Amino acid sequence: MSNQLKIGLPKGSLQDSTIKLFAKSGWKINLHHRNYFPDVNDDELNISMCRVQEISRYIEDGILDCGLAGRDWVLENKSDVVEISSLVYSKVSNRPARWILAVAGDSPYRTPEDLAGKKIATELLGATKEYFESKNIDVDVFYSWGATEAKVVEGLCDAIVEVTETGTTIKAHGLRVIDEVMSTNTVFIVNKDAWNDPWKRKKIENINLLLQGALRAEKMVGLKMNMPKASLEKAMKVMPSLNSPTVSDLSDPEWVSVEIMVEEVVVRELIPELIDMGAEGIIEYPLNKVI
Amino acid sequence: MSNQLKIGLPKGSLQDSTIKLFAKSGWKINLHHRNYFPDVNDDELNISMCRVQEISRYIEDGILDCGLAGRDWVLENKSDVVEISSLVYSKVSNRPARWILAVAGDSPYRTPEDLAGKKIATELLGATKEYFESKNIDVDVFYSWGATEAKVVEGLCDAIVEVTETGTTIKAHGLRVIDEVMSTNTVFIVNKDAWNDPWKRKKIENINLLLQGALRAEKMVGLKMNMPKASLEKAMKVMPSLNSPTVSDLSDPEWVSVEIMVEEVVVRELIPELIDMGAEGIIEYPLNKVI
Amino acid sequence: MSNQLKIGLPKGSLQDSTIKLFAKSGWKINLHHRNYFPDVNDDELNISMCRVQEISRYIEDGILDCGLAGRDWVLENKSDVVEISSLVYSKVSNRPARWILAVAGDSPYRTPEDLAGKKIATELLGATKEYFESKNIDVDVFYSWGATEAKVVEGLCDAIVEVTETGTTIKAHGLRVIDEVMSTNTVFIVNKDAWNDPWKRKKIENINLLLQGALRAEKMVGLKMNMPKASLEKAMKVMPSLNSPTVSDLSDPEWVSVEIMVEEVVVRELIPELIDMGAEGIIEYPLNKVI
Amino acid sequence: MSNQLKIGLPKGSLQDSTIKLFAKSGWKINLHHRNYFPDVNDDELNISMCRVQEISRYIEDGILDCGLAGRDWVLENKSDVVEISSLVYSKVSNRPARWILAVAGDSPYRTPEDLAGKKIATELLGATKEYFESKNIDVDVFYSWGATEAKVVEGLCDAIVEVTETGTTIKAHGLRVIDEVMSTNTVFIVNKDAWNDPWKRKKIENINLLLQGALRAEKMVGLKMNMPKASLEKAMKVMPSLNSPTVSDLSDPEWVSVEIMVEEVVVRELIPELIDMGAEGIIEYPLNKVI
Amino acid sequence: MSNQLKIGLPKGSLQDSTIKLFAKSGWKINLHHRNYFPDVNDDELNISMCRVQEISRYIEDGILDCGLAGRDWVLENKSDVVEISSLVYSKVSNRPARWILAVAGDSPYRTPEDLAGKKIATELLGATKEYFESKNIDVDVFYSWGATEAKVVEGLCDAIVEVTETGTTIKAHGLRVIDEVMSTNTVFIVNKDAWNDPWKRKKIENINLLLQGALRAEKMVGLKMNMPKASLEKAMKVMPSLNSPTVSDLSDPEWVSVEIMVEEVVVRELIPELIDMGAEGIIEYPLNKVI
Amino acid sequence: MSNQLKIGLPKGSLQDSTIKLFAKSGWKINLHHRNYFPDVNDDELNISMCRVQEISRYIEDGILDCGLAGRDWVLENKSDVVEISSLVYSKVSNRPARWILAVAGDSPYRTPEDLAGKKIATELLGATKEYFESKNIDVDVFYSWGATEAKVVEGLCDAIVEVTETGTTIKAHGLRVIDEVMSTNTVFIVNKDAWNDPWKRKKIENINLLLQGALRAEKMVGLKMNMPKASLEKAMKVMPSLNSPTVSDLSDPEWVSVEIMVEEVVVRELIPELIDMGAEGIIEYPLNKVI
């Protein structure tokens, strides 16, 4: 077999959105009933689906060349790898996730210091210990399998360090957040030797380029409209296009066709403004990639 | 907090398509496990998911500023609100729904008059009573929890007034429709005070503009093709574009590029015609909004 | 009722992708809870959902005018119908499926000849018998209800002839493929009388045109970018566009806008090349039809 | 057809436990995919599955002869029927359910009086109005479709009157119960004419006898043991048997065999006591009916 | 390995009730995720789960020693096997199933003769052909994959021969039964050589004895009561016990304890009678086996 | 509140069978939607559902008084608790589970020694390290989140130490077991202080008595038959009753009634023997507890 790049992708809550992101970037991944050895339409790629907690360790050891991992677990594992980019995406909110310190809503604890001598449950053992050590607070941190929120409610521990994106689960359990221990998002990490291999580096850079292009496209749309020539200059000022707008003549010399790429979230404000300036026949269309 | 618009959206069978419609319009709504307090990417909006039967009452009372509701329940509740537009969409058919009067397929009843003295089950108590009163037919109308079709089959009532979009459920129970009591579709309704508040009115008008644009886009597509200049005039006549077509020169002076926005449903007729006129390289692409 | 075309479509594993393909082609099909009599937004069409094994027989008999069927079952049924086109699509891989001859991984059988005198289970009885007869191998072929893979494992037969697209199920049962009996894909078949009816033929040809256009669009995307005029000629050579690229002037006379239609699978190679040539503001957008 | 008894049974949350109760009593009910006309292995019975809210009305009107209904809805509908027995059973707890008045946990309301002038949502409109009228509190009671708990949380009303068995849902929404409006359980109710028909009355009484016997058996078990004759008198005093214990001789004249029927819930206390008195070979076995 | 009996059990709709029946008989069968090679707590048994259509063929061929099969498929396959007993059980009704000839409810066909020259779809090809041949009716019988009911409704055939237990599916499709082609139930069948092997025959007879005992127990219960000695003779006459009742003395010489085994279905009639005769403390308990 | 015993029960794969076991023992536990604070019909009990890995730690720390835990995790956590009994039960097989050392089926490793210098993935970190240390084999053991089987197949490690009850999952992944590291089953463990508290100790002993009685009853049944007096002595010898059989006279002086408690698994052998000795009217009935 010729050149091959071994890439690790996260199982679990990020799995579906990762596969969708790769599809938009040009790589169709097919999982089979049992997860291992997914198909991909690129003979140069070899994909492993891994637990998010373990992926950076496999890359550091060279079992994999590169992969997507949470920055939290790269740090927790103290993995010596190259981080080449950040990829903020998730199944819920496209916001970074946070590991927070939380206590029961009706507990007396208001600050990390109040927890001195108490029991803290967490899956992120190392980072949690470092957090309390850096504050010179003596606590009993212990490893917790699976979700920790209920353990506070049930009285099995006094506080937890748990990951959350929107805070919904924390709130649903009636917990109160008293500090943020770490912020995290997905990063593209590479094994040091792989990064020094020219073929692998080029391949990794291309994948990263297209992943970034697909991610950017998720937040953008194309907008096309007819505009009175008289309003063009004024309109140009309010249009936050990625590139300069494409302006084409129309058969009616008083009008031009204008096409721009904008962030989807501003469209709902922009369209009423454009209408006020006389724009007509406004259409919006979706994008796959923006590079 | 600054200005806030409280908007009520329907739970249940319309919920998913409503959330999709708002997403296409520029507002991403995230429901949590328990429905209340959905997130939305607009700090000026405050969304409540409500039962379709109750939404107009909350708007009339000013508990909500505006919302989407079925015209049937606005009338049934006799809610005093401003209706600013119609929005015909649904999970099934994009057709208005109808409240129909139906009887068992093997019953002797053929007209509403045949039901004099009989038992009629319905969830739309007021409108049903008015319907029979307007025809001077004396019947025993009683309130029915949930689906009524089975009650006719089981002999628990003689006729029902039930809502249907495609008639499938009515037919599946072997019932016969003998009249239509009311036709209904989704309407955008506003509380009278909110409508007189300039900030709220502007906000509501913008939302309505974008909802309409997204709805229109669901039925339209963009069509682009190369056309021999010689056929252009003739082609222009068959092309039912929303706006006048955009015609651009190509390097080959005998050919032009033509781009139009058309209803998707005519494309399957239009493409063979355009091919007959010499069109080549026809592509169709999807639209998000058409305003 | 006026002219009507009766068309049979496959139930089961191809059902969802068939309905999606028709939707992209311009026909929205709505299945009801019980499958028969699906709705379609074309009064000239009458759709039946049929078992893939039976569809060609109904078309041959004139119960249906035309339909989509697997070539395997057209041959197995020896149906006398007109095949007007191939449509390679599926729920998994967009590759043709194969009927293969497989044995237990730890069995001594290496060639079809090794199976002389043995028991072969299959659903494709006729073709399997013909296959062995053509090789002059005497075997005991028997009809097998449902999936056959387990039967080899359980010792209920010595070999199977079974259909597979990716080979995953075969491998998961630890079987070894020793020959391919037949390759198959979906074909558009027509009853002979229907094909001679001018109205039906025209209708069928239009449907086929649009199905092919929708299938082609699934593998293609639109690409638009700004390009330095100086690089244009060189770029033209690497751009594998379906038609010649559309080149438009921009306000900056050093730059042009270029738009091409390309196969999605080449985009991930093409974009890095275009960037090397100085392309900027590259966007990719999805297509519905390419004709 | 000969004599027939039309009996209405509750759909929904009580449906499965009702069918199980009838099965233990000797009547096997088979529901079909669509609920109406369930089969039962007794040609004299004709069963209708009905909404709990409606069942008493059908019995009062004589559409049904008898049935199981919640006492709450019998009262709400003011149905004039004969109540012949109580049947305390449910899917959760075998405790009576309660309609309670609840407010938001962080609201200022502590007593029903605090709600004067406020909005109360409930499905039990009549009983709620009567409750407040009897206390001379003027409130705005309105009918609420479906679950009301969320409406308090969302601010759509100030208090609710809702049914609860364990209080779990109320607590999960963070609500505070401030009063109990009504306690309810399942009752066996009969149409007045049916009760005066000797055949129907006899049939109803037999069904009731067996339902009661099956319900009683759910809480009881049989207990058999060998006991030293010397301890028998003492043991008799602690054994809370339904009937007097059955005592049989054993081959060893110092020992007897004792068999009793006891409530299952006391067994875990009783067995250690019996062992202390010298009991051996204690076995417990399940019962189907205890009459 | 020592002596082994290979037994085939039906997959599909009978699978769960078969496994439950064996469990009650003393053999715990554990299916794994993929069906083949189920575990059983008897080293002398080797179980294969097979399609009901194929099981008799494997037994005739000696691939299996014995098994449970439908009599319909034993006949259809013309399998030369020994039928040692009938086992009437199913997931629904404990009634034999019937293959019936059915037509559309609104069709003109009233008798089998009306179908001369018509198309009949069925999975039971051989028996259906024999049925029509025996009546000298010339029809076009063709093999139908899967459920046939819809095919009549869709006009793909004129009549079907389909299996039904309760008739529910037939009725739900609006079909009319015009004849019964065959009645069927589960039979215990044995390979001829296996039946002549003394060890296998003894093993098979023991399994059959316990299966029959478990099946019998499903319909029976134990009944125990205290009875005034004076009523005993009269009571003995109404008690349809399997064996003669067990009567034991009680400490009170006026009373006896009576224990009988009766069919569950008579209990609901018997208990009121026994109460009339003075019986007290009646309890009913479940049975596992009755032999 | 008066005396309270805090008991921890396992979540996850043992949860349902644990709750069923307690129900048979006399304690009805009701889990709510979110697991914590389950209800139980004993005011003296306070139940926590815990991860199996953590439960012994909570008991050692006195957060809980006692609980059911796997012996594997008691050892792994080196928890200093009192083990008062073993409870062999599970959702699958009622056999103890084993932690086994397994490698890829096609790997060269045959003995633990072959793994020197290799990577071993396991969740049971401590016990695995001790196992290899005790054999003086130097390996790289690392902690693995979740199921490990796939990791061998994917090449992410060389061997695993994983728990298995039936070996099915191991086999399904094509792995080969090369040693057993530890055997484990559920144990009833108690905090040392709680064990010294007389009230708690008495309560714990009673619970244990009834759990053991319920477990024993799962494997036993009651058997009752009529036997010719002449065969009684001979029959007594083959009947493996828990206690001495209960023999009662029947009206016919030639016959006696015999009742025994036997292991269910011998019944299928015993019944044919008893029939040979002339037994009649044999019935088997289920037991709830055997103490």
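Details
Order as written gives the chain letters A, B, C, D, E and F; numbering starts at 1 within each chain.
The rule we apply is simple: a contact is a pair of C-beta atoms (placed from the backbone, for glycine too) under 8 Å apart; a residue touches a chain by one contact, two chains touch by 3 or more.
Note that the coordinates shown come from a computational prediction; the quantities given were computed from them, not determined experimentally.
Rotation angle for the C-alpha superposition of chain B on chain F: 180 degrees, rounded in steps of 5.
Against reference pair A-B, the listed pairs B-C, C-E or A-F yield one interface repeat, B-C (criterion: more than half of contact pairs the same by residue number). Under half of the residue numbers at the chain B-chain C interface are used by both copies of the sequence. Seen from the Cα centre of chain C, the chain whose own Cα centre is farthest off is D. The centroid of the Cα atoms in chain B and the matching centroid in chain E are 52 Å apart.
Between chain A and chain C, the centres computed from C-alpha atoms are 35 Å apart. Distance from the chain B centre to the chain D centre is 44 Å, each centre being the mean of its Cα atoms.
Residue positions 34, 248, 285-286 of chain E each touch two or more of the other chains. Contact between chains, as defined at the top, is found for A-B, A-C, A-F, B-C, B-D, C-E, D-E, D-F, E-F. Across the complex, chain B meets chain A through its residues 25-27, 30, 32-34, 39, 41-42, 206, 209-210, 213, 217, 222, 242-244, 246-248, 261, 285-291. Contacts from chain F toward chain A in the complex involve residues 34-37, 48, 50-51, 53-54, 57-58, 63, 142, 144-146, 150, 153-156.
Within the complex, the chain B residues that touch chain C are 92-93, 166, 168, 172, 221, 226, 248, 250-252, 257, 264-265, 267-268, 271-272, 275, 280-286.
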